[in-house]
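Two complexes follow with chain A in common, the first pairing it with chain B and the second with chain C.
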Partner chain A sequence: MNALFQQVYDFVEERIGLKTLEAKLMKEPIKGGSRWAYVFGSVLLFIFIMQAITGMLLMFYYIPSADHAYASTQFIIHEVDYGWYILSYHFWGSSAMVVMVFAHMSQVFLWGAYKKPREMVWLVGLALFGLVMAFGFTGYLLPWDQRAYWATTVGVEIMDKTPVIGDFLARFLKGGPTPGQMTLSRFFVIHVMILPGALMGLAGLHLFLFRSAGPAGPFRGTPDELKAKTDFFFPRQVWKDIMAMGVVFLIISTLALIEPVQLLEQATPDPGDYHPEPEWYFLFLFQLLRWKVFSGEFGQFLGAIAIPGLFMLLLVALPFIDRNPERNIFKRPIALLCWAVVMIGIAVLTVSAILNREFLD
Partner chain B sequence: MMEHMGLQPKIKSTVRCLDGPIGEVSHVIADPLTLEVSHIVVKSNGTERQVPVETIRSADENTVELSCKSAQVPEFPAFVRADFLSSKEVEIPHLEDRIHAEPGEIFVPFPELERSCARRTFFTGFTTLMGVLIGFPFVWPVLQYVMKPMYAPFDNRWWKIGNTSKIKQEDIGVQFTFKKSFRDSVLQREEDKNNWVVKASPATLKQIYQHGDITFTDNVGNVVWVNRATVPYVAYSGKCPHLGCGYKWRSHKTRGQVFLCPCHLSIYDVAGTVLDGPAPRPLDVLPIKISPAGEIEVIDIEFKAGKREQVRIA
Partner chain C sequence: MTPSPEKTPSVKLAWAVSWSAFWTGFPLKLIVALLLLAAGINPWEGGGLIALLLVSIPIDIWALGLTARTVFLERLGLDIDAPVGFTLWWQGAVLGGLVLGISYYAVSGAVDVGKKVAAGIIGLIKKVFPHFPIAEQITVELLLWTIPVTILALVLLLIWLKLFGWCIKRLIASSGTTSSASYFERVRQWDSARVPDDVGLMITSFGAAMVLVTIAFWMVLPVTTPHPHQDYQMPEVSKPAKPMKPEDALKKTENSLAKAEAILASLEDAKSKESKKPERKGK
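Here is the complex of A and B:
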């Protein structure tokens, strides 16, 4: 068996230079050594792969039609063996993805790793962030329950407020003036074809750019100290990455087990007793739009389009505005303060949205 | 004549002719098809010349011996950089696995057909043009294809939603749900729709009709229906004019009975006027017909949410 394996290996090696490829993939020196702080990117890749696998499995039974989406999702949950697990894993996986994106971006921000020469890695990363949010948004329409219907209705109405292209964009997404079968078809194809394709392409580019620029390494330490601690990507960093993946897998599976997906009533334009609410990671935006300052046509544009848009633009411009080569977060008080304000802001808005639930009942 | 298959002349090696040293190896030139060294570039008195490998008598670690006299060396063609491509400038698989030339460079001849700059520009332009010619005719059909359902004409059908006998009191929001069956692409579907009807007191009616009768038009601006203040029943679209959620009739701590949207907490009075919250305009009144028997009929018009003005979309 070993001899056969060796023959196959040699055959491939002769044609494509497997050893070089292996060296390029695994023997990347990490300045200052492997760290737990560097696991987020790899974990994101892992979560994405698991989302792709569970997503494909869900499509074995799911029917993307307004007549059958709800029933086929119920079928997955209640009748297909372990269907509840696959669906719940996919559901909690999407939340894990959002959490991990925030962790990854925070790490890169705090470590000053977006600075020269890694600006392009950062930019492609921001596009990937957008894709992850788009995945979440298009994904939860698919079960066609009340949560799905209302989150989509409101989400698309928000996009409608984009200047110039808003009306077209909203109609394009809905596939008509009002949500219906065409909306489901479009969200389905965006969720299972367009976004995965875009994400795979951009994630590949992200990795290529990252490897071209090289890892940033720690933000303190003399060159000698960094050199002394340097090790390769494999085995120590890979070991940390796989441990983190294991923990994430365990957490998602546990959540799927103790809090499996339960559908609300089937989607319909009558909300009944249901208080529409988006997925938790959109709650802060949802709560923001409840504020009096964001009332009226202009206020709504400000809260729903202008502020999130400007925030994204600011992130895009960040490596070009912040040209100070200092990477130590403790010597970048403004950056630290901004990060804390954004994080606390999101946390406070999310918690207040949850507290508001009580007031509604 | 030495066997030159797989020859790996060392860069910086001293080059000796039959009558003594003449310079050093500065680069190697490879044949891009056989991936073997075809020439060495010998640097002698500041000029670089291409010496074919057949001229090499022997080579070891530090020296390359040529089978010619030093007087013959100037007869070899000069090495012109522009006539060659370095292995970094061209994609030849396995070339660098086969030949090592550090700290110099491996060169391959610049192909004859590639030297004409005019043709290169022409091909670039032609490729772009062909791309546009392929892509451009595709744009219009694709746009039409995806836009097909986006601007569907308005539906002006009347729907029976219930009877006024359900309303017991003036100035109270009463929900009327009805099954709306319609064709949704190839599907024949039924949806629960939701409207609110108020039996308005004279004061409420006055508030609602403060700008006179309410006129409804179709896509092209023809009047479809006019609601008049003489009818005391008023139907509101169930869609919140803020961002399209479904609002409810609730009692509020300080404001009493109001329409309240649980999404972004817009609050409207019974006449649909915004009391609080982010909504940009009052609730949308629908065309309403009441039969002598009290049957309520409405046109299920939908307006765009989030606009100060009503914009009909369905």
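Here is the complex of A and C:
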């Protein structure tokens, strides 16, 4: 058996140079050795692959038409063998992807890994962050229940407030005065065709840039300690990555079992008793827009577009503003404070949005 | 340079051991919880919780032993000649039970008081600003009671870490011996304890465990949703009509006609026999 494997290996090696590829992929030295803090990128890739697999399985039964989207999703949940689990995994997987993006970006920020010479890795990472959010936004509509319909309505209304391109974007996405068949078709195509292609391309570029610049390594430790701990990517970092992927898979599966996807009523332009709100990861922004200071046309523009837009611009400009080579987060108190304020702010506003529900009835 | 155990802060030492031990044992506990959930048993209450806690004991002992030895070797340059996992587990469990019990009453009391105080402050604000908007009110009220409660919870956690750190230091003082290996060798030593150098063995054992868990999971996982929608009606599927075969239809008709003819003939026969019988006279 081993001889057969060796023959196959030699055959492929002769043609594509497996050893060089293996050396490039697996023998990459990691300064300071393998770490759990480095697993987020690999885990994100794993979640994306799982989302692609579960998404393809769902597409065998899902019908992207306003007449059949709801019924076909109900059919997946109630009639297809293990369909409920696949759909619930896909649903919770999308949330896991958002959480993991935040974790990955936080790690890069706190470790100062966006600084020279890794500015381009950071920029492509930000574009990937946008794609992940777009994945969540477009996928949310597809079950075509009240929650999906109204989350999209709220999201598109927020988008509409963008100057110059807002109106065009909103009209393009909706395809009509209210969400309907055209909206569903467009969201479906964006979700299953455009975004996966864009994500694969950008993720490839992200990895290429990361490999070109090399890992940043830990932000503290003596040169002797770093040298002693320096190790290849394989096996220790691979092992840690696999373990982290396993844990994420278990967490998503546990959530799918605790809270499987249940649809509300079929989508209608009348919200009835349902109070429209976006997905949980946009709740903080939704709650911010309820503040008096953000009421009115200008206030809504300020809260929905100007502040988030400025924040994103700040993130884009970050590696060019912060030119201090110091990476240790404990010696960058302003950065640490800013990160804590943003994270606590998002958490507090999200909880506030949940508490706000009881005042709506 | 390796710091001496006495100079290492207790909280830092306890955090290094317990944080790593938590994540080392977590995947195994999660597998058990997932299997219980798939089998329809709630692992957060009743029998499910007891099963999960019982399974967690050996996992925690193993995880604590492994991570504590790693921390001692890497950070303090010490080998420990004692059952590290078991000793730290029971000491940590006793302290944890104690601190958790106190925390339960302290934190829930603080939540109650904090909410009342926050409501009072909001009431005062509303007197000054009668149109204080509801969205802002929710966030201000949330911050007013969660900040002191979070600080209290953190203080209680620090107390537990401090006490656990003392236990660790006592164990080191009684059973720790300075390792003669260089830093490089020590790194390899504790690294190999966690990730075996034998890649074949690592992949085979991990793969086999994954296959077993997957089979067990798939065997107990419900085929249809455990939470069906209350209004969901199974779509009625009408059976498709069988395609008509002309030969069969002709044969069937011929058979039916033949049967009908036979019945008709027998009826006519019976009738003719009946009519031939002599009529009975009356008295």
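Things worth noting here:
Basically, the second predicted complex is superposed on the first by the 361 of 361 C-alpha atoms of A that agree within 3 Å, B and C clash if a C-alpha of one lies under 4 Å from a C-alpha of the other, contacts with A are read in each partner's own complex, and residues count from 1 in each chain.
FYI, a residue touches a chain if its C-beta (ideal position, glycine included) is under 8 Å from a C-beta of that chain, and two chains touch if they have at least 3 such contacts.
It should be emphasised that the depicted structure is a prediction, and the values quoted were computed from it without experimental measurement.
Aligning the two structures on chain A places chain B and chain C next to each other without any clash. In the superposition on chain A, A:17 contacts chain B only, with no contact to chain C. In the superposition on chain A, contact is made by A:66 with chain B only, not with chain C. In the superposed model, A:254 makes contact with chain C only, not with chain B. In the superposition on chain A, A:300 makes contact with chain B only, not with chain C. In the overlay built on the shared chain, the residue A:325 is in contact with neither chain B nor chain C.
Geometry note, superposition on chain A: angle between chain B and chain C about the Cα centre of chain A is 160 degrees, to the nearest 10. In the superposition on chain A, contact is made by A:78 with chain C only, not with chain B.
Contacts of A:292 after superposition: both chain B and chain C are touched. Once chain A of one complex is fitted onto chain A of the other, the partner contacts of A:157 are limited to chain B, with no touch recorded for chain C. Closest CA pair between chain B and chain C after superposition: 8 Å apart.
Touched by chain B in one complex and by chain C in the other are residues 290-292, 356 of chain A. Residues of chain C that touch chain A in their complex: 23, 26-27, 30-31, 33-34, 37-38, 133-136, 138-139, 142-143, 146, 183-184, 187, 191, 195, 197, 199, 202, 206, 210, 217, 221-229, 231-232, 234-235. Only residues 33, 36, 71, 74-75, 77-79, 81-82, 84-85, 224-225, 228-229, 231, 235-236, 239-240, 242-243, 246-247, 250-251, 253-254, 257-258, 260, 262-263, 265, 287, 290-292, 348-349, 351-352, 355-356, 359 of chain A touch chain C when the two sit together in their complex. Taken in their complex, chain A has these residues touching chain B: 17, 65-67, 150, 153-154, 157-158, 160-161, 167-168, 171-172, 174-178, 180-182, 185, 268-271, 275-277, 286, 289-292, 294-297, 299-300, 356, 360. Interface of chain B with chain A (complex): residues 97, 146-147, 149-152, 177, 184-185, 187, 189, 191-194, 238-239, 242-246, 262-265, 277-280, 302, 304-308, 313-314.
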